[in-house]
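Consider the two complexes below, in which chain A is the common component and chain B and chain C are the respective partners.
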Partner chain A sequence: MSAQEHQSFDPVRGERIELSFPATVDLVVVARFTAATMAARAGFGIDDLEDLRLAVDELCISLGPLTGDRTLRLVFERSDDAVDIVASFVTPPEATTIDSLPDHAIWQQGRELSARLLDSLVDEHGGEIRDGQRCTWLRKQRSGTRS
Partner chain B sequence: MSEPLAADTDTDTETTATGSENNSDPPRSPEQLVLAHLGLARQAAGHFTNRGEAYDDLVQVASLALVKAAERFDVERGVQFSTFAITCIVGELKRHFRDRAWAVRAPRRLQELYLELGATIDRLSQELGRAPTVPELAKALTVTEGAVLEALEAGRAYRTSSLDEPDEEGQAMVEQLGSTDVEFDHVEDRSVLSMALSQMPPRDRLVLGMRFVEGLTQSEIGARLGLSQMQISRLLASSVERLRSSITEGPPTAEGNVP
Partner chain C sequence: MDETIQPVLEASGGPPVLVLDGELDLARAPSLQRAIDQLRADGHSTIVVDLLGVNFLDSTALGVLVAALARCREAGGDLHLIVAEPRILKVLEITGLAGTFPLHPTRTGTLFLAGEANGQ
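Presenting the complex of A and B:
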């Protein structure tokens, strides 16, 4: 699974939601709620659903600082037994970049932490550059449906 | 609540104004009523444990409600004092959970639904032998699936129950669980996660280790620790915040964490 594969989403079998909002920690609740709604519709048990809610936090945080000077774009896709989420920033030229952060090393530690937590919370996750923008993605399958 | 509270826990002669069996006894003073029914207050408080509040705090709330009940009790109404008092005490305990246990004020209907949701998740988990789904929870609670999801999100504003707080015998839960501590030394991955975990407070270390090192589900952790899945959910969310703060920001702060 990669962010590119989301291009082949089947709208008949699942559903797709796109959200864009100012990248602040306060608004991550919107992403959590959307993910939980999709997980519920995919028949997730409460343990998987709660894991996904935690994973959404990590997905957004690992993308970059949620300092409010950018727009966070999230794409949620639900199939019969899984939820896929891709997060990216819509970055204006003047916005903060990760490489320009004064505590870049510390930020990388935080990102590594997110990666380790996501290892436990979801089935697959990753990060890549798409259309010149860094994006992070995850895939969470309903328990009992993993191949 | 799992079962109704018994109002007649006071073995002394009951106080009524017109009751045929007891009206030979003179009405007691408020002080006497309080002293005679402190056991009832403790019983009511015990009924509300495992919801994230310290037992001693709940006994205090129940006892104050008992005092108010004794002051307001009208012997002319012919109602037993214990019946009147238990209604007052339970009402006060419910108000306590609604009003004081929430870090951020959530709508009353969500607060009440959240408290019901925790018990329903645990009950259905036992009945089904697996974690229930949202539709199953909605059906059991006779609410919409959206309401269940709202209540779950509202739970983030509910105060985390503390494994570090002493129980009614003065022993912190985390001390009782020493044998269940995670063997971090055996973790092959000595990455930032295991390093950071080793520096966390015992409570956070215990729950984070069970979830992210041992790979237990929230329900499994709850069963092992004698807590509800929802308590574990809140503990994990807050512990992850503290873990991140310890790595990226030094000492934990309220700002900058995902709410």
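Presenting the complex of A and C:
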């Protein structure tokens, strides 16, 4: 799956929620809340729901440092038995480099752990460049529906 | 979030305990880092982190704990985790760290063991 494939979403059978908010660490909780809501509406059990809540947090982290100087866009799509999430930055950072961030070491030291978590928590995930901006995506199916 | 995490200093002279609760995520990781850095600056090489009240742990907060563990061990000490919540144990297992940290299910006895192991 790629981010482009999400364009084939069927609005009749599923739901789509788009969020845009300042890319700050304090607001990632909004992503977790929305992921939990979508998971519940997709009939996920509590374990899958909690997995998705952590996974969307890691998805945002894997996108890059949340410096507050750009907008984070999240698209949640629910189909019959799965939730897809795509995260991207809408606006480029303004003269911010990773090394200049006050807490960049914290972000860097968790990157490998973040990849391990995503590998385990979701069915598929990845990252790509779209319209010049990096985006990350994941797909999690309800337990018992994986082929 | 500009949070200050205050350690509990044991009257018995055992290792200090950082008691955490709620969600430990990217927003709170810097506060955790500062609290651990302060304890190390105060001369503590062994630290106990009580995660019994924590219900969410992401890679950034876990990364802070991993880095702190390495620094504590370099100084001849250790970093003990008190954890019982299945979700937190799952995160440790997924990341392959369940066998890396000294884990304890309760606080009872942990302070003695942590202090004993490090001559405190």
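Simple rule for what comes next: the second predicted complex is superposed on the first by the 130 of 147 C-alpha atoms of A that agree within 3 Å, B and C clash if a C-alpha of one lies under 4 Å from a C-alpha of the other, contacts with A are read in each partner's own complex, and residues count from 1 in each chain.
As a convention for this text, a residue touches a chain if its C-beta (ideal position, glycine included) is under 8 Å from a C-beta of that chain, and two chains touch if they have at least 3 such contacts.
Note that the structure is predicted; figures quoted are calculated from it, not measured.
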Touching partner for A:Val25 - first (chain B), second (chain C), both, neither: both
Which of chain B and chain C A:Asp48 touches, first, second, both or neither: first
First (chain B), second (chain C), both or neither touched by A:Ser120: both
Touched partner set for A:Gln109, first chain B, second chain C, both or neither: both
Touch count on chain A, higher of chain B and chain C: B
Common interface residues of chain A - those touching chain B in one complex and chain C in the other: 25-26, 28-29, 32, 50, 53-54, 57-58, 61, 103, 106-107, 109-110, 113, 116-117, 120
Chain C contact footprint on chain A (complex, rising order): 25-26, 28-29, 32, 50, 53-54, 57-58, 61, 66, 102-103, 106-107, 109-111, 113-114, 116-117, 120-121
Chain B residues touching chain A - in the complex, by the definition given at the top: 121, 125, 130-135, 137, 145-146, 148-150, 152-153, 156, 189, 191-193, 196, 211-212, 215, 217-219, 229, 233, 236-237, 240, 243-244, 247-248, 256-259
Parts of chain A lying in touch with chain B, wherever the complex brings them together: 25-26, 28-29, 32-33, 36-37, 39-40, 43-51, 53-54, 57-58, 60-61, 103, 106-107, 109-110, 112-113, 116-117, 120, 143
Residues of chain C defined as touching chain A within the complex: 1, 23, 25-27, 29-30, 33, 56, 58-64, 66-67, 87, 91, 94-96
